[in-house]
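This is the structure I have questions about; it appears just below.
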Amino acid sequence: MTPENPNPLPSIIPEKDWKKIQRMLSKRSLWMVHFCTGCGAMEMPPTMTSRYDMERFGIIPMATPRQADLLLVTGYVAVKTLKRIVRVYEQMQDPKYVIAFGSCPINGGIYWDSYNTIKRLDKYIPVDMYIAGCMPRPEAIMDAFLKLMKDIDEGRADGWLRYKKYYEKYKANQRRVFKRWDE
Amino acid sequence: MTDWANILINAGLTALYLFLAICVGLLFMGIARKVTARIHNRVGPPIYQNFLDVGKLLAKKSNIKHNWIFDFAPLFALAGVLLALAYLPMGGYRLLSGDGDLILLLYILVIPALGFALGAGASANPNAGVGVMRALTLMLSYEMPFLLVLLSLMIYYNTASLTTLLEKQMHSVWAIDVLPISALAADIALQGMMMEKPFDIPIAPHEIASGPLVEFGGNYLGMLMLYSAGSIVVETSLFVDLFLGGGIVLNPAVYGILAYVVNYIVWFALIFVVWMIAIFINAVFPRFRIEQAFKFYWKWPTLIAALGLAQAYIMSVILGVSV
Amino acid sequence: MNAVGIFKELGIEYEEMKVKGNKDPRYRAKVDPEKLEDIILKFKNNGFRHFVALSCVDWIKEGNMELIYHLFSYDNLEDVFLSIYLPRDQPKYKSLRHLFPQIETYEREIHEMFGVEFEGNDRLGEFILEDWEDMPPMRKDFDTEKYAKEKYGSVPLVEEGGEKE
Amino acid sequence: MIHPVLLIAIPLFFAFLLPLISLWSKKSLPYVTTAVMGLNTIIAILVFLEAMKAPIFDIIGGFQPPLGIVLMVGPLGGFLAMIINTAALIISIYSMEMKKEPLLKYYMLTLLLLMGTNGMVLTGDIFNLFVFLEVTSIASYGLASYNKDLKGFEGALKYVILGSIGSTFVLIGIALIYSQLRTLNMLDIARRLGEMDPYTKIVAFASLFLGFGVEAEMFPLNTWVPETYDGAPHPVTAMFSSMSAKSGIFALARVIFTIFAFANYLWFVVIMGLLTVFFGEIVAYVQKDIKRMLAYSSIGQMGMIIMGLGIGTTIAVEGAFFQMFSHAMGKALLFIAAGYMIYAAQTEKMSEMKGIGRNPLIGIPLLIGILSIMGMPPFIGFYGKFYILMGGFSQGYYAIIALFLAASIVEIAYYARFIKIVFQPSTKNYPAPRSTVYVPLILFAIIIVLFGVYPQPVFEVLKHVAAFLAGGA
Amino acid sequence: MEIWSAFGIFVLVPLIGALLSYLARKYAVYLGLIFALVPAIALYPFYGKEMSTVVNIGVKLNLAFDVTTWFFMLMLDTVALASMLFATSYVRKGEGGFSTLMLLGLAGANGVLMARDFLTLYIFWEMMSWSAYILVLRSSGEYARRYMLFAVLSAYLLIMGIGIYYYYTGSFLYSAASGIPLSGWAWILLFLILGFAVKMAVFPLHVWAPYAYRSEQPFVAFLSGGLSKLGTFGIFMAMYSIAGVAILQGFGTFRSISLFGYPFAVLGAFTAFIGTILAIFQDDLRKLLAYSSIGQLGYVMVGLGLGTPLAVGGALFHAFNHAFFKAILFLGAGAVIYRTGKYRISELGGLGYRMPFTFLFVLFAIFALAGIPITSGFISKWMLYEAAIEKKFVLIAPLMLIASVGAFLYCFRILYGVFLGQLDKEHENVKEAPAPMLAAMALLMLPLLIFAIFPGWILKWINEILTGANIGTLKYDTYAYYSSIGGADMLVFWITFMLLFMISMYLFTRKRKVTKVVDQYDNYLAGETPPYVQLHAAHNFYKPLRDTWAPLLRYSVDRAYEKFVKFFIEGFEEIKKMYTENPQDYAAYLGIAFLIFLLVGWWLL
């Protein structure tokens, strides 16, 4: 891993402004890949189509995690699915953000006592935005998007930094839940 | 001294035109998304959205790479498309097309496609392999009518170099008035060339996770977006140069700089019209399967192009019309 | 030939089940495990071509597992439920996948979820739950809430504090 | 001045000396025969060199031409004599392999066969020609049935029937000529041909043409060849194909050119030649066992020579004579190789001989032989075939040459199939060839390659063909 | 003495080499390499020399050396040298036969190039074809038999042509071609061109190529790179130096193209199309390259058929390029087979990561084959297209253009199927090809690159050939080449391409980022986690295209030939019945024959 050089053109654009521009750029063109686990996937079409149209904020659904910077986890996360979500998350490039839909990723929701769903997504991958509601409606999703864009702008949405900082802890938590993970 | 001077001027102008072309390409992609959104009765992103997207992609922090062949894709793609743009007269200004002709341009168009296919192949993702196979099959299908159209133009105007073609169109009437059938076939072929909706089989996001682009992200995808912007301008401008007189309205020899500016604007308007035709079709059509696309292209457009070729052949050889 | 006729012929006492809003006849019969295969074969040859489902009920109090084979006949739209009872601690039964191929999948699921052994079905083992070590989860003596609290509750938060949930 | 008659006398003398030698030591017989044949070859070479300067006329026993035996040895006669003797010498090395008991009779018959063929080639007198034809035939009948098995008898029987009919026709022809012209000397006859009344001339020619046709394996008359070659022991087949066939074809050439110079009869000869090639090659394609295939292919080659003679221009007849030389060498090589293969694989079926050619001692000479027979350039088979074709073209026989080329494509098809089988990698291992087998093979291969790469001496000889055509010696 | 050294070096040295290398059991291949090196190097001092002589070995062999011979020898000897260099590590030690036969083939080929009379031409032609026959025999008897049948067919077509020529002129000399009526010329040229076309595998006579190309790779590189060029040389000599342009025009012209050449041009275009379409669907790498070879030589046939200076120049240049890039492709395939032992594209995959140099060489050769302007492959294709469009041929030009687009398809199939995609588990530790193999491929790559930058040099040689056969002249200078309807300047192209490549390189690598290199299993497959089964999408690569072409692909020329042959073999069985095995019939035959002789005798006299 070559050392990360934050600012390519130090002479022309001062450091602070370059970070601001970068954040503005990634705010205005969030490309999302949605991991349709639970019931949230149904909420995505209304937000994309004419009634709510998230594309006006520059958010378009992409087919692969490589091209995306926003991961939507839309519903309960079973242990099996968590392994795939972590893999997709790691295939994305920095800076990457995660939005978790509904109450299941927050505290397990109606599956609070189920033996194979994880109760809190945050323990395994850094989540930047939770949307409460047992499947939030498109208005809530649009509101979440706007709020995330504001967080990105103010630099609070630093899930990917946290993942890098506490990488070992996240991995340990993940290994506690599922076994055969050979990178 | 003078030839060094005008070489430098020519180079400078070429660089300027290339940069403008890329910006026009990105602008067109933004417009396309806006127009498609409005057709889908929704607001749609701002026109400059693609500039932001490219900016975000190029500013991505981390970069995922497979192997050294994987880097071929962005390098060859962008270099190839800029090369194609350099050999294509834009807005009447001939750039380098004096030193190369249509067949050279045809083969230069292949460099980015082959480099891109190499990079996709090196990404070892089966989706990419299938995507490139579809792209090449699609190329074989739309090249048939397109080559017949080029042939009809070359036979009718008895030249293969674009500059003489533009001059001939400037002095007399546009090629579309003389060979309307070929123009129609060319436009259908263009839809395939630009991989617009009925024929965006190779980069189908639902079936093969956007085909060859599956493993390209961040910096790679940014370069490839510049490539696709450039290729939009190449294809539309090729159609305009071949059939719509390359947007030459004022004779540069007479009016000098003003002619170049006016011609550029006319040229911009013409490629915008051609682009809009493609986008309108793109907004409403579902996606063909690759066999359907192949069968379609080798049936109707080839027939039309053959008719155009026959017309050109009859007019130029039998009736002896010399332009 | 309708279900009642078959029951009478085989001499199995059956019981008609009345379900509100569903006028098609549904019969239930408790059957001796040894004779189950021939009975199903009999039904299969008399119009009950559709094997709907194989489900399992864990009667923890009576101490046995009930396997219910649910057949349906398109000819005269009748449902038949044949159930057998197995001892609860090591429930073992022979696999009937040679009668209907889809039985194999039901058997695999019941094996994973209830721990019922099916000889003759070589594809038992890990089916839906990945890396599952604990006892079959659907059995009544398995306390999901305690398991969930113990497995997922114990995972520490990643924040600096790292306090429990 | 070497008397050509020695070529005939020595084999005769030793043939009848052998019984005495066998009394003294049975084992030495093969070596004596080879020595005799070596001596004979040296004499043949000397005679040939003499004949190159001027044709030799040798009167035996002092009787004047009309009655006495006159030997007329032109350069071509000498050339053929040399071919026959060298072939006989090399094959005699291979005949040391013979194990069948009455060896004495075998070697006597081979010497008689050598004497007969030499005689046919050297004699200038028709009756003498008939006599030597008889001697060759009788020796061949004996040798053909030498194996004393069913196939040997059957082949010999057919050869006897057809050979004797052929000889009787020759006798009829000679009788007719003698009755009209009172002379037996070929040159004499050629000069006074006009005095014969036309009809008897035609009958005489037809009968002589048919008589020698049988020996020269022409189309309708060569039906005996496959059975005889198949039945005879391997060295004998080699001798037949290289010696008796050559003398037969030379006699035919004598009949066509020296005695009767019918110009407009020649195109019929070409037709007969083409038919021989056609039937020879086609039937060879469907053969299953090796010796019959080589026999039919030998018929095909002879047909080509007949066609060359028939075309009649100097270039074609040069080609024909060159082809005689290459066919003698090539076919002898192939028959010896076939002999070894049958002995090694214990079967005649080609399909069981997979991979026999893989050891280079057999493989390389076999490959050279086949390529030469096919007519591939650096080997002697090429020049003959090429010149015959060019001769055909110069006479305008386009269609006939095209048919001939088609037939030779069939020939190459079955030889390629044969090579495919023989050179296939296979697990069977075959007994290594003994020196008496691969030495002749290598000798023949050397001749084929040597005269193929540098055919100058052969063309030197063929310069005299024009004189031969004009009725000379 | 000058010509003797030419004849000596180019024909005798390989012949002696052939003999010696058979005797040098173990070091045969190295000896063969030395003997192949001599003619390749001796070529350069011989440029521009014109000489002729008569060698008398019983038959007079007229030999001569001029710029056409030199140009074709340049191709042939370099490809032979590269093949021998490649063979030093490809052919197992002690394989005496290989270098002997290769040198025999080389001697034959050089002999054909130097021959100035039909007898010499035929001698060396046959020598070259039977040495190739035995080389094919070394790997499989059945393929060798089919190759031999077609080689002999080509030889006998030549004989028919030579015969008719001999009928009219009475001699074999090329220069003796005077006083032949036009109808005579028609037959002579038809037979000669068909004879040579068999070696160039033109459409109806191409059936032997896919079989013969499955023998040992270094030989196949020489066969397809070198020997098929003899067909081109033969047709060029027959049409333009023996017959001459005047006689061709004598057949009547159709838009200043001789009516005799036009059908062959159409046949060539059709071969290009068929060869390419068949090549797209092959799974066996060698068969694919064989069909692509047939396709590329179809282009050369078009150029020779059209006859305008641009067309013939383009054909010669394309033959030159084809010799080199096809040799690299076959040697590359040989390197892959040498390392993995497999030749099916679907079984290979991902070798580019383990064999980078082989991949680069094959990639450059693919660029040359596809005609990308970076290589000289483009210039020759450009000349052929310009020639066709210049004369407004609406049947030939589309067939050629579509064939070249088809070429991209099978080019990518080779690249993706063999070198890119996922690497098999068993090929994990495949090493790079050994040094001599890479050196051979590098040697062949040089001319393709040099003449892409300085096309003027080779166009000068081609121009000399064209003026020698008074076909006309080409318009060119060191960097650019022009036709009546357009032109292209390679200098401008190269400078612009380099500049733009640097710009995109800068744009791409300017921001040093955290670049994470991932292995081939870490790619997006709907989030599926390894280990999963090998997913190399090269099996049945163009299935949709194959389905659309299926109705057409049913007809195959091979089956047509087999039916034709079977028909004849049944006929042979009938004839066999004539030999009835019993003596009475034979005696009857004798009687009938006598009657026939008598009848013919009476009728004649």
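Quick notes
Note that the chains are named A, B, C, D and E in the order they appear, and that numbering of residues resets to 1 at the start of each chain.
Everything that follows uses one rule, which is that a residue touches a chain if its C-beta (ideal position, glycine included) is under 8 Å from a C-beta of that chain, and two chains touch if they have at least 3 such contacts.
Please read all numbers here as calculations on a predicted model, not as lab measurements.
The fewest steps needed to get from chain C to chain E, moving only between touching chains, is 2.
Shared contacts of chain C and chain D, meaning chains that touch the two of them, come down to nothing at all. Seen from the C-alpha centroid of chain A, the farthest chain centroid is that of D.
Taking A-B and A-C together, the pair of chains sharing more C-beta contacts is A-B. Among the chains, the centre nearest to the mean of all shown protein C-alpha atoms is found for E. The greatest centre-to-centre gap from chain E, using C-alpha centroids, is found for C.
Look at where the CA atoms of chain B average out and do the same for chain E: the two points lie 36 Å apart. Taking each chain's centre as the mean of its C-alpha atoms, chain A lies 58 Å from chain E. Distance between chain centres (mean CA atoms), chain A to chain D: 97 Å. For the pair chain D and chain E, the distance between mean C-alpha positions equals 43 Å.
The set of chain E residues touching two or more other chains comprises 511, 513-516, 523-524. Contacts with at least two other chains are made by no residue of chain C. Annotation for chain B: residues touching 2 or more other chains are 59-64, 209, 214-215, 218. Interchain contacts (touch definition given at top) occur between A-B, A-C, A-E, B-E, D-E. By the touch criterion given at the top, residues 255, 350, 352-353, 356, 359, 363, 367, 370-374, 378, 381-382, 385-386, 389, 392, 394, 397-398, 401-402, 405-406, 408-409, 411-412, 415-416, 419-423, 480, 483, 485-489, 492-493, 496-497, 500-501, 503-505, 507-508, 511, 513-518, 520, 523-526, 535-538, 541-542, 544-545, 547-548 of chain E touch chain B in their complex.
Residues 56-59, 119, 122-124, 126-127, 130, 134, 137, 141-142, 144-145, 148-149, 152-153, 156, 159-160, 162-164, 166-167, 170, 569, 571-573, 575-576, 578-579, 581, 583, 585-587, 589-590, 592-594, 597-598, 600-602, 604-605 of chain E are the ones touching chain D in the complex. Residues 1-5, 8, 35, 64-66, 83-85, 87-88, 91, 94, 181-183 of chain A are the ones touching chain E in the complex. Those residues of chain A whose C-beta lies close enough to touch chain B in the complex are 4, 21-22, 25-26, 28-29, 31, 49-51, 53, 55-58, 61-67, 69, 91-95.
Interface residues of chain A, counted against chain C in their complex, comprise 79-80, 83, 108, 112-116, 118-120, 122-124, 126, 162, 166, 169-170, 173, 176-180.
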